[in-house]
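Presented sequentially are two complexes of subunit A, the first with subunit B as partner and the second with subunit C.
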Partner chain A sequence: MNKVAVVAYGGIKFSRDNIPIESLLLSATKNLFDQNSKLDQKDVDVVLVSTNDNSKYLSAILAELSGIEPKIAHTVESLCNSGTNAAVSAFSYISAGLAEVALVVGADRFDSPGQILQWDNSRGEYKHPIYWASIFTKAYKRKFETTNEELTYVAAKNHRNAKNNPFAFSNKSFSFDELMNSKILTNDLRMSDCSRPCSGGSAILLASENMARKFTDKPVWISGIGQKTMSAGFTKNKNISNMISTQKAAKIAFDMSHLKPDNVDFAEIHDAFTVCEFMALEDLGLVQRGKSAQYVKNLFETNNMKINPRGGLIGSGHPLGATGIAQIIEVVQQLQGTAGKRQINNPSVGLVHNMSAAATSSTVLLLKS
Partner chain B sequence: MNIFETELKKGNFVIGECPKCKMVIWPPSDYCCKCFDKLNWKKSDPLGKVIEFSKKDNAYFCITEFEEKIRIIGSLRNVENEPKIGQKVKLERCSMIDNNYNFELSLV
Partner chain C sequence: MNKVAVVAYGGIKFSRDNIPIESLLLSATKNLFDQNSKLDQKDVDVVLVSTNDNSKYLSAILAELSGIEPKIAHTVESLCNSGTNAAVSAFSYISAGLAEVALVVGADRFDSPGQILQWDNSRGEYKHPIYWASIFTKAYKRKFETTNEELTYVAAKNHRNAKNNPFAFSNKSFSFDELMNSKILTNDLRMSDCSRPCSGGSAILLASENMARKFTDKPVWISGIGQKTMSAGFTKNKNISNMISTQKAAKIAFDMSHLKPDNVDFAEIHDAFTVCEFMALEDLGLVQRGKSAQYVKNLFETNNMKINPRGGLIGSGHPLGATGIAQIIEVVQQLQGTAGKRQINNPSVGLVHNMSAAATSSTVLLLKS
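== the complex of A and B ==
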């Protein structure tokens, strides 16, 4: 398998603006080209778009608007982990020798149809994600005697980190009490427990070992990839206080990279809801089962940014198809030492965790400088 | 539309079982997910058990298991005391409205 690196990135600020999907994709791509003067349209063999938008032929449209005539161009959709799925597809084309350079651009609008899985009728009238999140939260609270206050530390930490992320949906400061007392959605979920749908776009450029150094002196290598799909329907989850697909994806990624959880210096975690961060930390092997509440509280109190330095989905917003790409960008910036006020001290291994539909599927990526 | 949905529209909760694999297939499908054989359909036992629940605007919603295999989320009606995990529930009513399934449950 040929080595593949992330060599460039671009993005736009997430918002609630009514922007056409094509414009979101193109703006992120323009930002990537603007930041990389050595990149020429002729270099790009592959254009992949990750989105849940219903518009068709978006990769060809993006390629045309960007002046690229790629060998391979198509859309990748997998609800909330579309972004990392597209990155894995691009990785595969390059590692198999079908391409040298791939542009992967993720985008979704605030009203993306990917927010609700209409097919999953076993949820009855309770199809909105707040219902599975409430059930996950209740089950986790029941198992580990977790309190609302402990869950609030996830939101407080991630909003605090997002203040230094220029592309975050909001850079607003929230007091702990404001988050604790935010609007009650269900008995087990408040507004502050939820990530927010928004409009956004993020772009990365992947390259083979032969081409990587044409674009950067600091390529970031994708050294581990783990993916697992357990089902599509939420009610197929046998265990509702942890995420089996994440556990399995993590094992595959760690095995491929010959790394261990102890080697991970920082992680981008898919905190669609506060409880998801607790579950993911444990299923990734980063924290002992049932100990995440104490761990996250400690991160908050010590101003430690190693988990969700860009602010996660709760702090940054969640434009579905862009999220996985934005997570990868954060890991690249951290490993290249260009994360500014969010910079973690001298990291060498970063992890991305991106999942879909109540953790029915997960992607775990391990990246190295 | 599969047999499950045809029956659901009439208010019947039926389950598909593979005659070869002797497996209940859920979510409803036309074929067995193991051998792809056609399914036999039968009326489900209306008694299930509470797996987990939460509450919105004073109304409980509950993930419930039937036949030790089928899990659905439904509304718990006429609840006096908070449900308990593992407590028996009865499927009182089911329907299909605008392509959405709807399940109404009561505590036993």
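== the complex of A and C ==
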């Protein structure tokens, strides 16, 4: 398989602002070009947009606005993991030899239609993600005797990490008590357990081995790719205290890369809700089953940023189509040693976990410097 | 580059029926499975949906409805050439080695939101495709002194071919005079010059060289792929009597396949409007500039089906996300010798031309038996 690297990135600060989808896409792209003087529009063979927005032909619109005339251009949608799906698609175009350089830009608005699971009749009236998250949370808490306080360490850690992420929706400080006492939404979820929809855009540039060093002397290689879709409807889940699609995607990614969970120095985890971070840590093989509460509390108390260094979805916000791309950017910055106050000590392998719709589908990526 | 073949297909009759998008996708998929007893759901690594529908997560929904648990699943959108974009994406996943077998299903409803170019502010009030088609038609007619009668041969030929296509929206016979005297829509377009939106679904199965012969003893290889996006807005077009994106896509596809226009035995052309068939024939290098009117008239008079044997978009209807897939199916049937009354004599190379939004982007595929 021909190697493919992430060689550049760009982003904007996530917000609740009422920004047109085209502007979100263009601003992230402009930031990428502004940071990469060696990149010319003529270099770009592929423009992929990842979004849940209803607008059509956004990849051609972004290409025109950016002065690019790509060979391949289209939108990729798979709800909350649209971003990593688009990145893997770009990887494939390059690895197959149809392209040398691909721009992948994810964006969504705070009012993205991907937030409500309109399509899932099995959910009855309960089409908002907080309902599946409540069921997940209740199941996990029951199985492992987990407390609200333990779940709150996820939020506390991720908000703390987000304070050093210039692209994060909120850089605000929250005390542990503030989070514990945040608004109750369901029997099992408070506001602090939830990631928040917002407007945001994130862009990455992928390149073939042949072209990568034109743009950077520190290419970050995509060495493991795992994806799995189990179903669309939540009620097909056979087990609701873990995420089977994540387990299966992780196995595929680790097999492809010849790496093991022990080799992972840090990870971007899809903490759509606090319980998702616990479940994912275990399904990825990073933490023993049922031990995540202790593990995360320890990370918080020792100021260790290795899980969700940019603040995760809870700290950074969740503009659906941008999230997977923003996760990849964080891994690239960490592996290039440019993560500033968020920098982890000398990492060599980073993991991205991006999922959709109650983990009915998951992507796991392993990136290496 | 690892070889990839089309090994199976399925479809449904296009109609104006009010069918849910999920049912269109599932019916085409079911028809594919029904025709291929060697295909098991477990074989399928990738499920891609091509559509302009606003529904989200359709690939996961189709996978669940079909009993497939794929690795890779997402929607691809690029207006009218969504279908070939999805097919090329599936090609890449397989050729790169991330998958062995990919199901690609395109569908749209008669009321698809992709029919109105909401996003193109440069079009002012003229967001319906008939406005760009009128400008194209006027420009072509002026440059080559083409008459309404000559354009009508496109419609007459394609409606005649469609009569033998069981999936076509209309199998009705039209006299030449009926078409000539159809309702006038703009100064340069009558109803008979236009393809019609409809509800439809089309499915293909792609496989690696390793897996192809499990499903068929006549795999059809995708040997040339060319894609080009020039812009999103029609007003960026520098030349309105031909289609630059089609020229550029054709060059890439012919270069990749080491074939020449003379090697093409038959072609599926994106005749969204009659003039598009003339322009595409010339931009693809199949006919000399300005000679298409005579060429098409001759095809009609000699009952030659080599251009748009299934009836094109004008004869078969145009369910946007399905069209590119339906075009590929026709080429596969012709190359496998199973096109029935539409069968061309012993072809070995077929071409697909699929475009979007006033040919601001085009895909050209070359397929070989």
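Basically, the second predicted complex is superposed on the first by the 369 of 369 C-alpha atoms of A that agree within 3 Å, B and C clash if a C-alpha of one lies under 4 Å from a C-alpha of the other, contacts with A are read in each partner's own complex, and residues count from 1 in each chain.
One rule holds in what follows: a contact is a pair of C-beta atoms (placed from the backbone, for glycine too) under 8 Å apart; a residue touches a chain by one contact, two chains touch by 3 or more.
Since we're looking at a predicted model, the values are computed, not measured.
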First (subunit B), second (subunit C), both or neither touched by A:Asn187: first
Subunit B versus subunit C as contact partner of A:Lys236, first or second or both or neither: both
Partner chain in contact with A:Ala357 - subunit B first, subunit C second, else both or neither: second
Touching partner for A:Tyr126 - first (subunit B), second (subunit C), both, neither: first
Touched partner set for A:Asn54, first subunit B, second subunit C, both or neither: second
Touched partner set for A:Leu335, first subunit B, second subunit C, both or neither: neither
When both partners are placed on the shared chain, which of subunit B and subunit C touches more of subunit A: C
First, second, both or neither for A:Ile135, with subunit B first and subunit C second: first
Touched partner set for A:Ala162, first subunit B, second subunit C, both or neither: neither
First, second, both or neither for A:Leu98, with subunit B first and subunit C second: second
Footprint overlap on subunit A, comparing subunit B with subunit C: 118, 233, 236
List of subunit C residues in touch with subunit A within their complex: 1-2, 22, 47, 52, 54-61, 63-64, 69-79, 82, 85-86, 88-89, 91-93, 95-98, 113-114, 117-119, 225-233, 236, 249, 252, 356-357, 360-361
Residue numbers on subunit B that touch subunit A, as the complex places them: 26-27, 51-56, 61, 63, 70-75, 85, 99-103
Residue ranges of subunit A in contact with subunit B within the complex: 118, 120-127, 131, 134-135, 137-139, 142, 185-189, 233-236, 240
